[in-house]
Every structure is written in C-alpha cells, then in structure tokens.
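Can you keep this structure in mind? I'll have questions shortly.
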Amino acid sequence: MTAQPAELRVGIIGTGNIGTAHAMSLTREVSGARVTCVFDADQARATAVAYQVGACVCSSVSALIECPDVDAVLIASPDDLHAEQALACLAAGRPTLLEKPLAPVLSDAEAVMAAEVALGRRLITLGFMRRFDPAYQQMKAQLDAGVVGEALIVRNLHRNTAAPYGLRSVGTLTNSAIHEMDINRWLLGQDYASVQVILPKPGPQTPPGEFDPLLVFFTTTSGAVVEIEAFANAWFGYEVACQVVGSRGQLDLGDGSLLIRTDERRRGVDLPELWLGRFGDAYRRELQAWVDCVRGLDDGQGAATVWDGLAATTAAQAAARALQSGSPEAIQMPKRPALYQ
Amino acid sequence: MTAQPAELRVGIIGTGNIGTAHAMSLTREVSGARVTCVFDADQARATAVAYQVGACVCSSVSALIECPDVDAVLIASPDDLHAEQALACLAAGRPTLLEKPLAPVLSDAEAVMAAEVALGRRLITLGFMRRFDPAYQQMKAQLDAGVVGEALIVRNLHRNTAAPYGLRSVGTLTNSAIHEMDINRWLLGQDYASVQVILPKPGPQTPPGEFDPLLVFFTTTSGAVVEIEAFANAWFGYEVACQVVGSRGQLDLGDGSLLIRTDERRRGVDLPELWLGRFGDAYRRELQAWVDCVRGLDDGQGAATVWDGLAATTAAQAAARALQSGSPEAIQMPKRPALYQ
Amino acid sequence: MTAQPAELRVGIIGTGNIGTAHAMSLTREVSGARVTCVFDADQARATAVAYQVGACVCSSVSALIECPDVDAVLIASPDDLHAEQALACLAAGRPTLLEKPLAPVLSDAEAVMAAEVALGRRLITLGFMRRFDPAYQQMKAQLDAGVVGEALIVRNLHRNTAAPYGLRSVGTLTNSAIHEMDINRWLLGQDYASVQVILPKPGPQTPPGEFDPLLVFFTTTSGAVVEIEAFANAWFGYEVACQVVGSRGQLDLGDGSLLIRTDERRRGVDLPELWLGRFGDAYRRELQAWVDCVRGLDDGQGAATVWDGLAATTAAQAAARALQSGSPEAIQMPKRPALYQ
Amino acid sequence: MTAQPAELRVGIIGTGNIGTAHAMSLTREVSGARVTCVFDADQARATAVAYQVGACVCSSVSALIECPDVDAVLIASPDDLHAEQALACLAAGRPTLLEKPLAPVLSDAEAVMAAEVALGRRLITLGFMRRFDPAYQQMKAQLDAGVVGEALIVRNLHRNTAAPYGLRSVGTLTNSAIHEMDINRWLLGQDYASVQVILPKPGPQTPPGEFDPLLVFFTTTSGAVVEIEAFANAWFGYEVACQVVGSRGQLDLGDGSLLIRTDERRRGVDLPELWLGRFGDAYRRELQAWVDCVRGLDDGQGAATVWDGLAATTAAQAAARALQSGSPEAIQMPKRPALYQ
C-alpha cells in the first residue's frame, strides 16, 4: 500500500467568472485538492465564493500568497496584474497556475521569466487549457505520428458571440487569439518567424477605427502558415475550429456536437453562446494535471511554461504591430534559457 | 466558511476491467473520495490495484463490507454475484454503487428490492452510467421540453466489435442491450408493455443456434416503439446511437467524434474498438455524483435505483422469452413500492 | 459517321404534377425526344401543358395511343387507371413508360403481365425512378462488390410532410412505401419471403382508425431484414434515408445537402417540403435512359419491368394484410415467366 | 401549339478530355442540339469522337466555323488558342461557347472584347460552369437574400490530386484558381481591388522554384476578403470547398457525398480523384442553358460573358504579379463597355 501525498491546499486570486469556475471545479471535480483561501478586490464576490467552497477570504494578495494554509496559488486576476502577482508567488516559492496571458506587455513577461530563471525552478504553469482538450490532443498525436505528412497550413477559427468590455482589435489579439498562438506552436512544435494581418471589411458591431474579424497569418520557422480568423463579435455563434492541411492529408477538429435536432424542415446543431461549455472538460483536466503535478504524482502532461507564455505574448505583440503597419513583421524570440529545455 | 463533509472511504468488490477503472477514477479524477479497501477472488489482481491506489486488500467480501475503514461499497463483480453482495451491503447498512445488471435472474432482483424496501432506505445505486452521459442528458432535456413533440419511435444501435466470452443471444440481451432497456425508460419516462424480436440472417461470427444481430422492439405503455439493434460481433466498429422520432421533429445523438481525418482519398472518423472511451466521462460523472450524494452534497442526479434495475431485468427477461417464442410477449411490472416513488 | 436514330415522339397520358414535370423534362432536358401528344381528363390542364411543349391535345387515351405521331407512350394517370391503359398500349405495340405502381390491385397487375407475356416482348417500363438516383446506384455498386460483406439489415426512412388527399395507412403502403419495396429488392437482388408491421403510437395528424408512422419489416429469401419507416405526415421535413448494415460494414445514403447554413447559433441543412427536388435528377436520368432504350441506343440500364412492378404490388398487398392482422404474413411470388429472366 | 425552334447544330473545336465530354453530353444528355462537326489537331482523336456522335470531321478550324452545317461553335482547344479562335467565330458571326480562360494573356483577352464590342452583340459565352452548379446557385440565392448578412470573408479550397503537365505556380493561378476568381466575383457581385499571395512551405511533389499550395487573398471593392487555397498536387483527394463568412451567419457548400461507408473501424466518404464527377451536372446544365439561349428559349441564366472572362484573366495576372513580388498588387479593371451592362 502506497501512501498518497497530502491534499493540496489552493489559494485563488481573483473570483471573476473563470476564478469562480476554477474554485468550484477544484472543490467538486478534482481529486486531491481543496480551496482554502480566496482573494478578490471585490470582497463581497470573494466572500460568496469562499462560502460555497468552504474557504477563507484573505485581505490582500500577499496575505493569500503567504498564508500557511496555502500550498499553491491559482491566479485568475485581470491580465495586467498577472506579472506582478506571478513575481510575488515566485518570491514566496509557491507553485502557481497562472491564467493566460503571462502578461499583455512583453517587458513584464520577460521580468517574470528572468525571476523564474534566477530561481532555477519552474514554479509557474500557464493556463493554456486547450493543451488538455482531448480533441486537440488527438490531433497532435496523429500529427506527430505523421499520419497526414508534414503540416503545410493550419487554419484556425476563433469566434466569440460578443467582445467583452467593448471591442479593441489589439485586445482580440492579446486576450483571445493568444490561445491560437499557443496551441499552434504546441501542435506544430515550431516557433513563429513572421506575421501579417489582412483586414476584411468590419462587421456591423465594430466600433470606428477597429477591425473585426481579423485574419492573422504566422509563418513558422519551418515555413508552415498558421491562419487565424479572430472574430470577436460573431454573434451568430461561438466557435473554435482547427484544420491542419498536411502534405499527405488533413485533420479537422470534430464539432463536438452532442445532439442533432431536426425540426421545422431543418436539421442541425446548436452553436453555444459561450466558450466555457466547449472547454469545460479541458479546464477540469488542466486543473487535475496541475494538482497531480504539484503533488508529485506526475509530470504536468505538457502544460505550458513561462517560456510558452513569453512566446505567445511575443507573437501577440508582433501581430499587433502587423495590424498597425499593414506589412509582415518579423518575430524574434530571445535565447531559450536552459531551464525550459 | 462551510465545513466540507469528510472524504468518502470506498471499498471495491471486484477488480476486473471496470472495477480497476473505477478504482483509478475514484483515486485520480473524483473529488471527495478515496479507495481504502479492495477485494477480488484473484488476490494478485486485487493486490496490484490496491498498490496503485494506496488501499488495503481484504480477505473476503464480508470483511470488506464490514471494515471500519469503509464508508461505502462499489460492487464490480461478475453479474451472478451482484444480488448476494447487494444483500450483504444492505444488511450492513452500506451505501452501495452496484454495477449493472441488478441481477440476471428476476427472482434475485426481486429479493434485493424486497430487502431494500424492508430496510426502508434507498442504499443501492445501479450503475447505469449512460444517465450521466452529457449527450443523453441533453437529449432528455430537449425531449422533456417538448422540442420535438411526443416521442413515437426511438431507434437504438448498440454494436460491439466482439462478444466477450463467446456469443450467446440471451447474454446480448441481459448484459449488453440492458443498457438500452434502462436508458430508453429513463429518456421517455415510460415503462414497457410488450416486446418482440425480429431475427435477421446471422453475421458470419455467429455460432450455430445463436442470433446476431438481434432486432428488439419494445412498445411502451403510451404506445411508443423502442427499437434496439443489438449486434455483439460487429467487428467493423463499436457504436452506440440513439434517434428519437417525435411528432414534431427528431433528435439524434451526435457521433462525438473529436477528429476528422482525410487521407488517401477518404475523409472520415475512426470508430473505437471498445466502449470505455465513449463513456469514460459518463463513468467519471456517475462516480462523482454518487460520492457527492453519499456525502450529502446533492441528491444523486437521477441515478438508477433498485426499482430501475428491476425494470431493466424484467425487460431483458421478457425479451429473452420473445427471442425463444418468436411472438410478442407482454411485460408486467410488479406494483411500485412507495420507497421508489 | 454514324447516323443517329430519329427523335422519339412521345405521347403523355395524364398531365398532373408528375405528368407535367415529365413533359417539361422530355422537352427541355432530354436528348432525342419530343412530346407530340398529351391527354388529360381535364382538357384545360392538358391544353396548358401542350402549349408549353408544342404538342397536340388528344381527345381520348385511345386516340393518343394510336396517333401516328406517337412512337412511345408515357402514362402518368391516377393509379387505378394504370393497368387498363397499359393493356391498351400493349395491344397497340407501343413502348410505354408507366408511372408506379403497376396497379394497386394484384389481379390487375397480373393481367398486365399476362398480356405482355402473351405478346412475348417487354414493352412496358415501370417508373421506379430511384434505380436511376446516383446515390442508390453507388450504394448498389459497393454492395455488389462486397465492400460491406453480406447485407443483414436494410433500414429505410420514407417521410413526407403531408399525406396527399388525406391519410389512409393502406395508401401509405401501396403508393408511397412501394418505392422502398422496389428499391430494396433491386439493391439486394432478393425477393421477400414474409412481412410484418409494428404500429407506434400515431402522430397527431393521424385520423382515427389509421396509423402513421408505420414500421414495416420484410424478411427476404436469404434472411435479411428490410425495415421501412413510412411516415406520411412528418411535417417537420421530407426525407428518404437508407442504411445497409452488412456483415463487414455499413452503407448510408448521403443527405445530399448542397448548402450548410449557420445563423442565430444554429448550423445545419434545410429539409425539403417535397420529393421532387430530391429525385429530380433521377427522373431526368430515368427518362433519358428510357428514350435511349426505345431508340435502340442502350439496354435500359436496369429499369424496372412488369415483373418488378408485380413484385412490388405483391409486397405492398402482403404488407396491407399484415397491417390488418398484426401478424407476420407470408409472401408468395408466382413463377417468373421466361420473358423476365 | 407552339413551334419549337430547330435543333442547334454544334461544331466542336478540340476533342481532348473536356471537348469529348461536351460532345457526348450534347449528343446524349442535352435537348435540342446535335454535334455536326468536330476538329482537332490530332485527326485520329477527332475521328473517334465524330464516329461516336455521328458528326463530320473538319479539316481546319476555319472550315468548321464556316461550315453551313454549323449553327454554333464550342471551343475546347488549348488555352493559348482561345483568343484567336474566338476572334474567328466573332468574324463569322457564330454564337460560341468558349472554355475558360478567355485567354492566359491579358492583351489577347482585351482583343476579343474589343472585337465583340465592335460587333455590338454578345456572341461569346465563357465556360465558367460553376455558375450552373446547383450548390453554388443555392449559396448565391441565400447570399443575395441577405440570410447571412453581408459577406466579410469567402474561404475557398481548390485541390487537385495531380497537376497536369507538371506544376507551374503561375499555371495554377491562370488555369485552375481562375475558377475561383470568376465564381467569387459572381457570388459577391463585386470586383477585386487588390491581391496578395502567401506562400506556405511547398508540399513534397513541388518542383524547385515553384510553390504549392498557394494562398491567394483578394480584397473586393467593398472590402470583403476572398481567400483561395490552390493546391495542385494534393494527392490525398480532389476537393472544391467554399465558405462565406457573413456579418450574420455563414454558408458552406455541402460536400455532395452520395454515400457514407463504414468499415474496418472507420466511417466516412471517398474523395474523388478527378473534378469531372463533382461538376458533371454543372457542365450538362451549362450546355443546356447555352443551347436554349442560342435557340432563343431563354436568356442564358447568368452565364459568363467576355467581360467576365476579362475580369478573371485580369485577376489571375495580378495574382501572378503578387506571387512574384511578395506584396499586395492593385487590380485595375478597364471601363466596362455598355455592351456588358
């Protein structure tokens, strides 16, 4: 009989939509963890979540990070706070699951990487949950096995029914399409060499001076083209699609539809309004893998590192430059520290 | 801050394929439970599982049921032992998750029900895990909402690539198609009034005197027809399909394919060889719901009761009679005890 | 340079929906034919069609059949006139395309066959146009090639959005499901040995004493089961589907959808209200094949003969008996005349 | 009774694959036409076709055009002969169906247009047959009806299994992707304002110095983006796909599959090796519409004109420049002559 490691006590920073979903999932769906502390700038919101999961409310981020009842930290705060809080977790030596992006600004991302490299241990896991989606995993497995030859083109759709907080094209890149920037790197095992943006006529919900949908094209170091249609206000339905065109075949993600309905002379599937349903299981599996990894039960199953977070932010910022310039922009990654090899 | 109930300590009887899968899932994927004891007639097999999940090996079924370190029991033993072990769990007052079927023989099923009724509490949950499959749940939700009107016909396919332990037609009914007998009752909220069997020419793997595929037709108390194609040796692919033809529309389960592959002038999806992948998430959700229910966190989410198990066994035995007689057979359920209303 | 045979001059009896469609198709879409004469009991309707296609209006069926400007006759009159008019065409020695069914009453069908056998030449082609549908043809080609092994079950759906002229269950069999009775014989190359009917709860548009949908099950001489769901008032959409379950695989007709539309959080295809669109090309190809055959350019491409018409009427009448009796009914075909071998 | 116009006597220049297919279709599938004369530089090939369709073999292009037994001409010769032969037909006043492209070189295309404008009558129809494909027609009808709002992006795939006569990237544009250049103009009712090309890593069959697949992006005058993946050596399957992303929805061409096959744990459809099957019916309908139009029976149903041919050649040549330059290239159409308004 093997002794199981102790249950992981998790502190959560940020109890908005995704922080709350993580709190519930850790409590009700994940083995080996419980939420002991939460913090949110909105104390009432923190208290409500704390009550549901049987946790304490901390009075500050630093109080949470240093609480003796916290073994590991989950950061689900606004994007522009990620870097600072990640640095604090590193300073305290806390294993951390940090929601994407690592940081919207490249210098902040670099600072986190520098600190982790200085520490000499990988403590931070980036929340690119699509790596835990069974459909993407199956696609990667077949791609790696050479079933469709070499990838030449990867065509991605990422549509939301409504842009949160008003649409800004740069935000579409750094907050939403950043998922594709990570998952295509992961699928192909390649970095990006350049990027350009093609701008179709904007849809009717697009504010003046902004563009939506965006067509973004990365060329990888091996010459494959990664196309991303990022459409923030596609109110007709949420959708994520991915198609790999290889030299000997093609792979498409299935649509994952559970039910096909026929009525009134029409047969089809419903598209969701929101993304959480599509990736609910990926989030759960991501949390389970992180908990297992911190508890020493496995190796993290390919979760994203700070290096991956830096790569995605680098790509997003280059895309933002290409959006402004209208021309291809080169992408230069820094030297990869030994810690991430 | 709400106190969470204590972790549930589960003892598992039977560590074959499904018992082992449950042990791993309770340990690695389910919140609030751990496996403390296991028993199997094959002690080496029990020991291997025990080692993986950090449990003790018990020397007998009764030792496991009565172990003070066991709060609840999961029975995954051979079908013909289910009733006896369920009775022992009832006698010990242990909440129990019993793999389907309740019993292959109707009198055994009735004995378990009588004991539970005498006890006056529902302690046994039947492992009809399809009730926890998100696709079936979505189908039921739309059916209950009247989206396709009243169900007139439900057409089910249940194909396995190979019949375990050699094919016997009666076994196809009592062990495999029994899933459809439960899930269609649950979908429609109706009992069966009669059943008949139509026998197509047998496939080439069918032994003399047996039939495969079978076409089974139940008529429900409201007059709907439930068709089941049960095909035990459909080696070209495992498949479960369900189509509800309503008065105003139709519902079909999606095929759940994660990946569409194009190669060598063909585009399509792979069919699995085995059922575990198709229903892996349903099993996990079933276990989580059961653990939550025993811990008092929710109400069981419509899991099958002993009454449902009795209904399925009654239906399977009537289908077996119809297979022999070649004629429609009436189905008579006993009076429903108040405990199950 | 080969001389082409002269253009075929066709006389059409009956200018209802299908007769008019045939007249237009012969004139505008078929090579080597023109419509020279038409007759309809409703003279105004006949005149309108005649004007469109540049034909004469005949004053009677016999005048049309015997008109020296008519080389071949197309009969699209009401079902109960088919036999009498077919006999007149045989008497006049006119090649004839006769819309299905050969006759609703078996004795009439037998009389036509007897007359053709006595004549010693096959002059009559039955209008079972599905034999010319490219999808069914591809299915038959793969079935004949053994791609899915031996056919064990064939599952057919035949749904109309509204029963013409009020619903009578027997009419569903003899006028609508008769298409399946022919096409399954043709697909399998087998005759039927017996038939039974299972009656689901009727849909809401069903008059008292009638049943809709019907589930009809034929067993062929080799033991395959042919299932037909015939649903005359399935107002949610017209549909014809066919699925062959073989010993080594399965064949399904594609849905033939030309366009997939996504809007308002739904993605899918429209189902038609009427059958003409689905089989428009099959009708055209049937006409072309018939014209080519009569002109001596090819051999008719497997079009249905009077023998096939008799077999379909025999099957439909047995199904009607099974509908009344509630029991399986045996099907006995007469001896096949040498003319049809 | 209306007199029908006389049968159209067609002379065919070029009896390669497509010329032979047209000859057979005019003879066997099209109403109101017959092939009276053929010419091919390879006289044996011409003779073989002539024999099959009952036509004469002409000794030269001019002999065919001026033959008194020819009412109209179909040109299916090599691309670089199109302009010269079209000019000869114009000079002779012959209605002409000219296979695409109008000419590979822009100045030749302009010369044909100038001659037709000088003549003052539209005699030439361009063979962009996709305009007669029922699927594209249904797409256009829904787009014009505003069902998906305004078109923002149109995504096209055009894959061949093998490039004819060795692959040259410019040839992929001017001979193959020119179909998309026409059909997207027709779908959107818009001209192109600019074009750029993105070059993925070439597939393994690509000769040095050439690129395959190509990604071509047109921006229309209204700002919509038309994407074309042109893949000449996609040996894994022939495919044409089209997806319109609108402001309120999306339209996709159906895959047109007639048959879904399940075997050996795989379910799917076969992709063809060649294009003729996919567009066989469009070719037939194009020929019928052309014959009907020349015979004065209807107005041509939106067939492509010389102006459309010029627009497609202009687009293809701009794309060829963009392929060389690696930058966006502006597209300037000449003033549209009154003849084409």
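The letters A, B, C and D name the chains in turn, as written, and every chain counts its residues from 1.
One rule holds in what follows: a contact is a pair of C-beta atoms (placed from the backbone, for glycine too) under 8 Å apart; a residue touches a chain by one contact, two chains touch by 3 or more.
Remember, predicted model here, so these are calculated numbers, not experimental data.
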{"item": "Touching chain C and also chain D, the following chains", "value": "A, B"}
{"item": "Result of counting contacting C-beta pairs for A-D and A-C, higher pair", "value": "A-D"}
{"item": "Whole-Å separation of chain centres (CA-atom averages), chain A against chain D", "value": "45"}
{"item": "Inter-chain centre distance, chain A versus chain B - centres from mean C-alpha coordinates, in Å", "value": "37"}
{"item": "Distance from chain C to chain A - Cα centre to Cα centre, in angstrom", "value": "57"}
{"item": "Touching two or more other chains - residues of chain A", "value": "148, 236, 248-250, 255, 260, 262-264, 267, 269"}
{"item": "In the complex with chain B, residue positions of chain C that touch it", "value": "148-150, 152-153, 196, 198-204, 213, 215, 217, 219, 222-225, 227, 229, 231, 235-236, 245, 247-250"}
{"item": "Parts of chain B lying in touch with chain D, wherever the complex brings them together", "value": "161, 236-237, 255, 260, 262-273"}
{"item": "Footprint of chain B on chain A - complex, ascending", "value": "1-4, 26-31, 33-34, 50-56, 134-135, 138-139, 142, 147-148, 248-264, 267, 269, 281, 288, 292, 297"}
